[in-house]
Structures are given as structure tokens and as C-alpha cells.
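Written below as C-alpha cells is the structure these notes are about.
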Amino acid sequence: MAPAPELEAIGVVKRYGALLANDHIDLTVESGEILAVMGENGAGKSTLMSLLYGLQRPDEGRILLRGAEVRFSSALDAIAAGMGMVHQAFKLFDSLTVWENVVFGAEPRRGPFIDRRAARAQVESLTEAHGLRVDPDAIVGALSVGVRQRIEILKALYRRARVLILDEPTAVLTPQERDGLFAVMRRLAGEGRTILFVTHKLHEAMAIADRVTVLRDARVVARMRTSQTTQSEIVRAMTGRNVDLQISRGVAAAGAPLLEVEGLTVAGAGAKPLVEGASFQVRAGEIVGLAGVAGNGQTELVEALTGLRVPDKGAVRVAGATLTARDVAAHRHAGLAYIPEDRVAVGAALGADATDNLAMGFHRAAPLSHRGLLNVAAMVKRARELIAKFNVKIASERALAGSLSGGNLQKMVVARELSHEAPVLIAEQPTRGVDIGAIEFIHGQLIAERDIGRAVLLVSAELTEILGLSDRILVMYEGRIVADMARSQASEEKLGLLMAGRTAAS
Amino acid sequence: MSDFLTPFLMQSAVQAITPILLAALAGALCGAVGVFNMAMEGQMLIGAFAAICGSYASHSAGVGVGVAIAASVAFSLILAYGATVFRGDAVVICIGMNLLASGLTAYLLRALFNVSGTFSDPAIAGLSRIRIPLMPSIPILGWGLARQTAITWGAWALVIVVALVLFKTPVGLRMRGVGERPDAAETLGVDVNRYRIVTVLVSGALCGLAGAQLSLGAVNVFAEDMTAGRGWIAVVAVMLGRGHPLYCAAACALFGFADAVGLRLQGLGLPNQLTDIAPYVVTLAALAISHRARNSNALGKADRDV
Amino acid sequence: MSVLANFGGVLRAPPALVAIGVAVLVGGLLVLVSGADPLQAYAQIVVGALWPQNLPDTLNWATPLVGMTLAAAIPLRGGMINLGGDGQLVIGALVGAVAPLVAPLPGPIAAALALLGAGLAGGLYAALAAWGEIRFRVPMLISSLLLSYPAVGIVSYLVRFPLRDTTTGLPQTAMVPDGARLPILIGPLNMGVLMIVVIAALVVLVDRRTVIGYELRMRGANARFAAYGGVALGRQALGAMFSSGAIAGLVGAIIVLGGQFRYIDDALLSPAYTWSGLMAALLAQGEPAGAVLAGLFFAALQTGGFAMQRETSVPRVLTLVLQSIVILFLAVRGGLGKRER
């Protein structure tokens, strides 16, 4: 008889009220195997992982670890049973050191105190044993994303994890960091550990996983070996239809510069500026992609461009109007629309209704207001029109923004910003965390904006999005624009090296 | 200098610091686990009233202190569970608790003792003071520490204990983690709510001590709203000290000094209406100075983000 | 989800009623502690507040309380809290009490100037807290409260020493001339009631129908969203705090010119209008019309409290306990004032 699989889920069901998040899921993974779990947003991947890891309990079904049924009442049980999880958003304490993060919750003691020396020694031996280079005494907040991910893996290994769940681990990495992670994953699998790799990136699943299990609409719809399948087969399973993976777009006909940035500098708390002497232009009828690993100054640059932050030096011109050190209202008035990175924290007020949300930015002028008095009927009419035009799925224009799904909320934000018909559009991570249908829609809208002669600045961490949409590409590294090239000159490898701070030549 | 800082002045300054210091430690602990506690004013007031009740009934200051701690801990259950299990807004809960403490003590003062305003009685036993020989001969610091209650001595010892617990023990590491990233602490098996509940209850015990010192430490009297803003000054001390017990203690010492200077000026003939505001003015100035060197960003600045 | 949200709107009323029920129960136990009959005590509250002949007294009490409720509600609507109402109130009251004494003008003009000056002074003092947050990043929640203490201390000093009416032995200013007092409407009610009614109507109108009201509501729902939409948060905080403080200052002047006719030290703060007003505003989560209703409710409770104390010897401070239990229960149960995550 063959040995029992390392981890097995049988008929697992999870409901949230009326919503069925996991519908009789069966999943098996063998020891030493890398299994990719794929599916669109909302397919049930995250729910399934939180059930396996004990963060939530299934309503029905069983979970078996090495043949024995387990009932985790918390993540603590799962950790004790040899499970480890690296969350998509890292769960690290920025103000603490690496070793404190690793031993947190299972600290070696000496009397009533933490045995600092023993803790450091254990962390050091783990880093050496698994090729995860990191300084145990570094403060986590100062470390790069790739290093932080290593700390997450160290945390799991410190707790003797035999099964590792990696939830979208590559989303935040440069291609080179990703390759480094894959090497670590192969090494861990080679040691006999089991890895569940949650992803929606086809080529990564094909590159690293032994098998793929695909979820759609809360169910398992396909199980395949990567050696015996193709990318389009997986996509068909994920979406239930054929999707054109290529973003189709015509050739750009760039005109006059509409967004001009000269020597923009934003000082930081330390000696090093957050943005240093950024200069570039975005012309009418082109999409300029701004690539870079998160945390290299893109956020601050965009804040300075939109008036949310006062730059310390430099000039910003929108459609010819100089806006340096002016406030947000002046930027918007000059003709700048902005789809922010975080639609929940910045782009919408979840506690307010769609009418109020869609009026923001338009509320100071006719027809929505006249001499400081609101025209509520006009606000409602506008909201209805935009909801219909952009096909936002919402109960009514008086329903709260908080009732919308992620994709529909993003559609609402996009609807509001595009209806400014502003000459310049800044779109920051416009498709993060939305389903494929909404991604296609939003990409189409961005290209349509370009084609009617607007200037679009696209800030994205997804290189495929940057490469697929942009006419010109900028790369940002440590606060500086380190490259400005035409799309035709760019490749994933080249951008990856630039994002990691190396010049394309070296 | 020693003309200005008399032994009596130093002694009353140290005495004035004690309740603020204990409340600030309470606030620092709550802040460490991510509960914004600004109910210390109310927690102390309950403690002060309960101490008088306990001492009055038993003729023992020790029993008074015990009752103060018990009552303040019980009162703190509102914040402990309200801000965690029930997920209420800590700011609103604390405002409600401060008013409840004010109303409840005033009501019970009338209902139990049939007086309004202040209550004192020979049956109330005060806290005894520890005399240390030779101490009064050390200028300034010695003057301050001579003849203080055990609670005052204990408060300064607790500063060290709290610092050690927070920064050297597993519990302290977990507390700081719970405050910084509760979701991360949860995934590592730390029960966030339990840590927060216990911490808030400990803050209640500390404020109970503070209240007992207030009512039994000097004149054995309870007066309505006798905390008189000390809880708020403690809130500011926590902010100024960025939650670090040693820095918070330094901030408390600053207020105590301002208080003493106010008293001294009063002795020199200034009306007490003016000298009483000294700690608040010093507090505001200290806050303005300590906060001015921050980076500005219109987005990052959330309202009521303290 | 949206269906749930709609149901939430329908279900919102009962939690307030449940909270009041809980407060009444706990309060009843407290009445038992004092050896009185809870039913009788509550009956006295209801009669004392709502018996037709007592209604004018209730309204008279409600005037400053509803005023302070509005003062608290305006910043709260934008997610800010003004804890410094006491300071703004006494500053306004002092200006209102002193202006008619020093300005040798015909009565009504002196009164109008006094009210205007009181609003301006209270507003500027409140705006100081907002300025401190914008300029020095001192949290307004704390600074507004801390600023109260110097204001109260200095005003108290002024009333006891330089501005004291030396013909009496009490810490109070001289009487304002007859002409500068607010005209009586009926019984105990004076012009101040009408002024508060007009202010309340204005606040509700601004909240619902104007651009500034919309911007303040959006800030309350999500301040970062408002900033992103072009609202200048700093200027808005200054404006909201100024309006809040101006109403508080005006309330101070109304109390002085409408009833006491002089500034009497401690007389303004002992009824704790600021805190009752803040609780009423919290009860309605800053929505002005609801806040006015809550303010009226608390005013009735407190007026009834006087009758209860008179008739049953149960201390009227019980009503403060009842109010805080209502707020605590709602804060804990219903997520009152819960911030967006």
C-alpha cells in the first residue's frame, strides 16, 4: 500500500451566510511535491488555504495530515502539526528585528526572560541550512520585500513546518527575486517538504509546480500535471471560456506633452530623498508605464503629482498649467484624474452611498452644485448614468459603496475618474485584486483613453500589465527614474534587472 | 536653586507625580497592545472613591487599596471587553467611561454618605509614609523621596518592572507584536483579545492604585472629580514618551516639576487659578515641540489617529 | 449584502431603545441602593420633564444643551472630536458678559455685538486646537481638551480679580444693563431658544444641502477619500472647529445674557453641558437632526432629574449616569463611532 499523502482535503465545504466559498473541495498533495493551486479572484483559493491552515473551520468535510484526520481550532494547532504559511501580505512586525520576528510566539527562554543568544543562534543556523541569507539583527521595516519573504519562510521553518503554503508569493517580487524564491522552493521540496503554491500566474505554475489544481466558483474544476498540460488549458479551466491572453492595442499616435515633470524631489525622514530629481513627460495619446518594486518611491511620486504631497523641489505641469506646490483641488481643476492604488482606503468611502461616492470631485461645480448648494437630483442622475455605463453591479445608487465586490468597487472608482474626461489620467495598480473580467474591462478603458488623445501614466507592479499596455516604460529604483525606454526596447529580464538596481548593461 | 526648591516643595512634587505616573504606565501598557486607553481619568476616580469606601468601612488603608484595585479592575471590564470582543470604538468607550465614573462616584457619594462635594471622616485610615533615615539630608532628590507612601515607592519600581516586562520577556515581545500587527500575532498563535483584555485589566489595577494614592495618600478625602485632569495628563505623558515606560516617567516628572513650580508661585502670591494651569500649559508646549519634526503628507494623516 | 445594509437602517432605531432600557434598569438598581423607589423616581423624571406646565423649563434647559450638542456634532460629522467645549463656552460667556459693560452702546446693539464677539472668541479658541494639529501635529482630541484648562483657569482668575463686581462678595462680574439682556418670549424662555432653533436649522441645512456639508460628511466617512477628492483637510478642520467653538461661545453668551445677566464663576460648567452635548452628538453619530433629538432627550432627562431630586431625594446626578450608560451600551453593542478600517 502506498504511503498516505502528506496532506489531503476531502469534501471540504465553507459557507459565509448565503455565499458558498468552498463547495466539496477535494485536494491531495504528496510529500516533497510542489502543488500549484490556481483560480481567479473569488474562486475560493484563499478560503481553502485558511481552512487548511486552521484560520477557519470547514462546515463540512475532513482534512487529513499524513493519513490522520486533523481538526485545527486555530493556526496554532496547524503550526504544531507542521504546517506553515507565507501570506500574500506579509505578517511581519516592522519595528522588531529579524530574530524577534522569527521566534515570536515560541521564544527560547532563560528564566523569565527571552534567551536572546539562543534565539539568534537558532535563526542563524536556519538561514545557513536553507540558503536564506538574512541578518538576524536587522530591523524588518528596513528590509526589501524579497528579504522579508525569506523571513516569512524562516518563521515557518523555525516551527518545523513540513507543509508550506505560499499565498501569491511572487506578486511583489522582481523576476530575479522570483527566481531566487523558486530555487529555495526546489531546495525545500528536495528536503522532502511539501509546498502548496497559490498563484494566478500561468507561467510560474508551469515553471515550478509538479501538479496544478484549479478552482472555479468554489469548486475544483481540474487537476493536471504541469508536464502534461498547456497554459491555455489551465486558463480555460480557470475561466470556463477561452480568454485572449494578449492585450490588443493599436499603435500610439503621441502628441503634445500633457503631463510634464521636472526635477521632482520629495525629501524623506532620513538623509535619502524618497523621490530624487524625477523628470519625465507623458504625451497626449500615449500610455507610459512606471515599473518598480513596491517601496521605491512610486507612491510618493504619485502623491506629489496629484497634490496629495508637497514636493520639496521641482515642477509639475498638467496640460500646460504649472502646479508645483498647489493642492489637490488645483491639480484636479487643471485636468488630472487619478485612480488610486488603494480603492478601499483612498478611492472610496465605504460607509457612504454610491451617489456620494460618484459625486466626489464633481461636487463643486455645475450641475452638481450651484453657489455652494448641492443639487441632489443631479447627483443621483449622474450616479445612475455612470452605474449603467460602466455596468457596476449594485443594488441602487443609494446602496453603500461597502456593499460592492472588489471588482465592482474598482469599476466605480474607474467610472468616476474617467468621467472627468481629464487630459491626464494617473492609474495606480488599476487591476490589483480584481477578477479577469474586470481586468479586461479596465485595460480596454485605459487603451480607449489613450486612443482619444489623453495622456495615461500607468503605475503597476505587474510587469505583464506594464509590458502589455505601455507605449513607453519608466523604471523607478530607490527614488530615481533609472530608465526611460520605448516599449519595443523593453523585456521582462531587462526591466527586472533595472528594478533591482542594476543597469541593463552589467 | 535651593531657595526655590524647598524640601516641602520637592516632597509635594513627588507626591503629585505618583498618580500620574501610575496612570501613564497603565496607558503605556494599553498602548503597547494597541488599545488607546484614555479612560484613566475615570479608572482613577473609581479607585479613589473605592479606596475611601474600603478604608472607611474597615479602618484599614490596606483594605482601602485592595478595594480600589478591585473596583477599578471591575470598571475596566467595560473597555477590556468593549474594545476587543465587542469591537467598539475605544475613544467613544473611554469618553463614556470617564463620564460614568464622574456621575457614579458623585451619585454614590450622596447615596452612601449623604454628602455632596467632598467626603472625609476620622474613620478613614490613610496610607502611612515610609521614613528613611538620612534621606532628608540629601538635597532635592532626597527631600523628594523622604516620607512617601509605599505606593509612591512602588510606582517608581513599577516603571522598571514594566520596562523589563515589555522589552525583555516573551510576554512583552508578544504584547508589542499584538499592538503593532494584531493579525500577524494571531497567525503565530497569540490570542490578541486575551492579551488586550488582560492588559486593560492590569491598567485598571494600576489606576486603582493611583486613585488610592490620590484619596488616601495625603489628606484622606474624596472630592467629586478629584482626578482633575490627571488622567489626561497621563495620556499626554504616554504620547510624549512614545509608550516607553522610562520616557513616560520622564514626562511625568516634567509635569510634576511644573506642578511644583505652580505651587511655589502660589506661595509667592500668584492666584491659584493661574498657577493651576501650569501643568497643562507645559504639557501643550511639550506636545507641540515633540511633534513638530514629522514628515507631512495629506493622505497619511488620518483623523483621530493618535 | 446591500439588502443587509438596508435592514441595518431599519434596525438602527431599536439598539438606541435597548440602550435606554439597559440604562433605566441599571439606574433603577442604583436608586434601590440609595434606598428609594425606582418607579417613583422615574415617574418624577417623566412628570418633571414632560408635564405641560414643566415643558418651558425643559426647553429652557435644552437651549444650552442642544447648542452644545450642535457644537459637538459638527466636528464629529467629519470624524473629529472637540473635547474643549468647556473652554470655548466660558470664553464666549465672559466676552458676552463683559462686552455690554465696556461698550457704551444702545442695549440691542451691545447685545448683538456681545453675541458676535462671543462666537468669534469661542470659534478662534477652538480653531487653535485645529491649528495645533495642522502645524505641530498635536492630536486635536487631546489638545482641544487640554486647552480647556487654561481657558477655564484664566477666566476664573479674571472674574475673581480684575473683572470682579466688588459690590458683592461673590466671584462674579457686574450685571449687564437691562437693554443688553435677551428679550423674554414666554415664561422662562428668552430669545436664546429661537437663536438655537435657527442655528440647528442652519446646521441641518448645511449638512444636507451644501458643498461644505457634503465634504464634511465625506471626511467623516473616509478622510483620505476626501483628501483625494480635493478637500483641503487642514482648512476644513479649521472651519469645522471654528464653527463648533463659535456655537459653544454663543451658547455661553446666551446663558449669560439670557438668564444670569452676569458671569458667575463655576455656574457655567457645573451643569456639564459640554459633556451631555458630546454624548448626544455621539448618540446620533454626528448627524445633526438626530443629534438635536438626542439633545432634547437628554435635556428632558436632566430637567426631570431636578424634579426627582426634589420629590424623592434621589440625587439628580443619576441622569448623568443614565446618559453615560446609554452611550457605553451603544458604543459596545452597535459599533457607535466605529472607524473605517
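The letters A, B and C name the chains in turn, as written, and every chain counts its residues from 1.
Following the convention adopted for this analysis, a contact is a pair of C-beta atoms (placed from the backbone, for glycine too) under 8 Å apart; a residue touches a chain by one contact, two chains touch by 3 or more.
Treat the numbers as computed from the prediction; the structure is a model and nothing was measured.
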Chain at maximum distance from subunit B, centres defined as averaged CA atoms: A
Maximum inter-chain contact count - chain pair: B-C
Between subunit A and subunit B, centroid-to-centroid distance (C-alpha), Å: 44
Averaged-CA centre spacing for the pair subunit C and subunit B, given as whole angstrom: 28
Subunit A and subunit C: spacing of chain centres that average the CA atoms, whole Å: 47
Subunit B: positions in contact with at least two other chains: 298-299
Of all residues in subunit A, the ones touching two or more other chains: 308, 328, 346
Residues of subunit C whose C-beta touches two or more other chains: 224, 227-228
Of all residues in subunit C, those that touch subunit B in their complex: 30, 33-35, 78-81, 83, 132, 135-139, 141-143, 145-147, 149-150, 153-154, 156-157, 160-161, 219, 223-224, 227-228, 233, 275, 278-279, 282, 315, 317-318, 320-321, 323-325, 327-328, 331-333, 335-339
In the complex with subunit A, residue positions of subunit C that touch it: 1-6, 209-215, 217-218, 221-222, 224-232, 340
Complex interface listing, subunit A residues touching subunit B: 55, 74-76, 79, 85, 87, 91-96, 100, 104-107, 109, 112-114, 155, 267-269, 303, 308-310, 328, 346
In the complex, subunit A residues that touch subunit C: 306, 308, 327-329, 331-332, 338, 340, 345-352, 356, 359-361, 363-364, 369, 372-374, 376, 394-396, 399-400, 402-403
Residue ranges of subunit B in contact with subunit C within the complex: 38, 78, 81-82, 86-89, 91-93, 95-97, 99-100, 102-104, 106-108, 110-112, 116, 229, 232, 235-236, 239, 271, 273-274, 276-277, 280-281, 283-284, 287-289, 291-292, 294, 298-299, 301-306
